[in-house]
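Letters A, B, C and D mark the chains in the order given here, with residues in each chain numbered from 1 onward.
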Amino acid sequence: MTRNIESGMATNRVESLTDGVYAIAMTILILNLRVPAVPGHPRALLRALAGLQLQFFDFFISFFLLAIFWIIHHRQFHYFARADNNLLWINLFSLAFVVLIPFTTSLNGEYRNMTLSAVIFELNIAALGLLKYIQWTYATSNHRLVDPSLSQEVIENGKKLNLVNPLVAFLAIGVAFVAPNYSTMTFMLIPIIVGRLKKQNLKSV
Amino acid sequence: MTRNIESGMATNRVESLTDGVYAIAMTILILNLRVPAVPGHPRALLRALAGLQLQFFDFFISFFLLAIFWIIHHRQFHYFARADNNLLWINLFSLAFVVLIPFTTSLNGEYRNMTLSAVIFELNIAALGLLKYIQWTYATSNHRLVDPSLSQEVIENGKKLNLVNPLVAFLAIGVAFVAPNYSTMTFMLIPIIVGRLKKQNLKSV
Amino acid sequence: MTRNIESGMATNRVESLTDGVYAIAMTILILNLRVPAVPGHPRALLRALAGLQLQFFDFFISFFLLAIFWIIHHRQFHYFARADNNLLWINLFSLAFVVLIPFTTSLNGEYRNMTLSAVIFELNIAALGLLKYIQWTYATSNHRLVDPSLSQEVIENGKKLNLVNPLVAFLAIGVAFVAPNYSTMTFMLIPIIVGRLKKQNLKSV
Amino acid sequence: MTRNIESGMATNRVESLTDGVYAIAMTILILNLRVPAVPGHPRALLRALAGLQLQFFDFFISFFLLAIFWIIHHRQFHYFARADNNLLWINLFSLAFVVLIPFTTSLNGEYRNMTLSAVIFELNIAALGLLKYIQWTYATSNHRLVDPSLSQEVIENGKKLNLVNPLVAFLAIGVAFVAPNYSTMTFMLIPIIVGRLKKQNLKSV
């Protein structure tokens, strides 16, 4: 019995840790939203909550970006027949950037109107997106970790779809130099672009 | 091998993320309960803790509302034979409202006696309840995601039961305009109404 | 197809939420331990950390009490052949008391030397222990949720073992009236008593 | 039916709690990184973030040390055919030290340039590493909890690999007496040493 150490890590264990980290990161985003401390009459509270509207918007953007990356993770692992040590570490690196998102979201919320804080948040998303692109490319090149019968078309479509997030993140960085306060709205392009790509019969990853 | 992207998401993966988000949201509710800082003699502490009694009540209400929605989630998924992209996003939207609950609970606790804060909490519950109603209606209409043998009776009873939570939430909003401090107590009607509905032989979802 | 709503909840789903809540409660205990703020020379830090020693002790006590209840939970569910609605709610109630433990641990840590805060913590443990006793008694009476072949001996031994935690908690409450600062040490009796009970050939639950 | 209490704990339940605790500890590390409060112009923020660079480094070190221990945990459990009570408690003790890591990381970050705080963090890692070594030695001695066919070579290689982490931690403690600010960098030796050991055909655990 000489089971190799690499082959020893089943994909389902990796998924269990990954689901946990995503679920916690998505939930602790709410800790960035602080209940405002204002005099106790309704108009003051309403004004304070209205002042938080961009923070709420950022909460939803980060929540749904994490949700999108979680979906990407699971769609990729759905095709992976096995895991190796490199895949494990690509995944752990991307989890480190998942964990950073509550911090960079909060940073961007505290320093509104500033290009620097918006760019840091968007670089975080870009890094996560690129790692998911690298993960797919690594696993599918020469059918390294996927079923040999997986069609080249599915592989190529997967690459295109995995480029959407980092490219939109770089576009958002560009917007941040012009209108930092609104640059995170750029991410609303993602569902539109993905929808269009799918219409063109790209149904994979 | 052209597995479709939609069919790629097994229901059990969605459930794993969902269980994680519910478990964390239910647990971080406790972070809203701050240990009071009072002079170190028992009477002062007892008075301070007594002053927290409504906060404790709200903690339990939010904890058990989340528990009820978690049960509803699993009872629905128990009937779902498969997931599609729309179901995935309805579920992710409802998770965003799950994550908001620790915030709206805390807001309601900080601004007692105020209609506005109570209404915000209750709108959060109403949104979550409506999304669960939409989820069930979407999945069962034309037996879209459920077994073709699922009886129309089970489907209709499921709709009725899923309307209980949003309707009670709207009732609580009404109460909030009269007695904001006690409006969350309205949610104690839920087990009574559900119990009655079940007695009338509504045994599903 | 008229699957009953009660039978719809498989025990493995309950366990998934339960594992999540226990894991989070055990981990956020650490948030009670605050890094001391003292002048930056080693002797001051050492003194500050030494001053935290009872807090560290309480962290470990709460961590291992939660671990013990988690083990009890799983040993009970190991015997349960099915879940019903009552079991589900007994379990959810006990989860509410699990979630309270980081709060009552912190309260006890902040108000050292005070009977009141120690008693509150110990009542929390007693409530959790009693709920586990009730859970076992409910599920095994008339073999309601367990295999009909489960011996009466295993059932009785399970009851005895499940009484250890609440009884030790009540003993700790007694100690709290005499020496509140040290009353949580009473819980160190649990492994000793459980060890003795097992030696007497009580090998179940 | 007299199922023994020890045999009652399947390894998969232990893994579920363990995955949860690791995922949460890895994610709440980010709560140590506080968004700096500086005047709202970019240069001040950039300087403040640059001042956090060692905190970021420590975040990544702790994140990846936890990732390494999580991998070790799963590689060990991959070989374990069953769990007993002792294994359960060795694992729970190591989880207590996992939960302490966000605290000791934060302590080390707050008291930079101090040998004491660095040593405390490194003792935490050493304790975790030694517990993993003990866990492997306990489970494999006389093939207590592993398949009888597991080769002695795999067992011995496992021991060597499990000694790497505590030995590097002790080396870091030595460095802390000379250059406390940089002692955590010692942990970057781990991938280098493990890589070398594997090249020498040590492919196990």
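Here is the rule we go by: a contact is a pair of C-beta atoms (placed from the backbone, for glycine too) under 8 Å apart; a residue touches a chain by one contact, two chains touch by 3 or more.
This structure is a prediction, so every number in the text was calculated from the model and none was measured.
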Inset, instruction - Pick same or different for copies subunit A and subunit D, depending on whether their interface residues overlap by over half. - result: different
Legend entry - Reference subunit B; chain at largest CA-centroid distance: D
Inset, instruction - Quick one: report the Å distance separating subunit A from subunit D, using the average Cα coordinate of each chain. - result: 26
Legend entry - Centre-to-centre distance between subunit D and subunit B (centres being mean Cα positions), rounded to whole Å: 37
Inset, instruction - Quick one: which residues in subunit D touch 2 or more of the other chains? - result: 16, 19-20, 23-24, 28, 31
Legend entry - Contact set on subunit C toward subunit D in their complex: 15-16, 19-20, 22-24, 26-31, 33, 35, 37, 40-42, 45-46, 49, 60, 63-64, 67, 70-71, 74-75, 78-79, 147, 149-151, 153-154, 198, 203-205
Inset, instruction - Would you pull the subunit D residues touching subunit C in the complex into a rising list? - result: 1-5, 8-10, 13, 16-17, 19-21, 23-25, 28, 31, 88, 92, 95-96, 99-100, 102-103, 106-107, 110-111, 113-117, 120
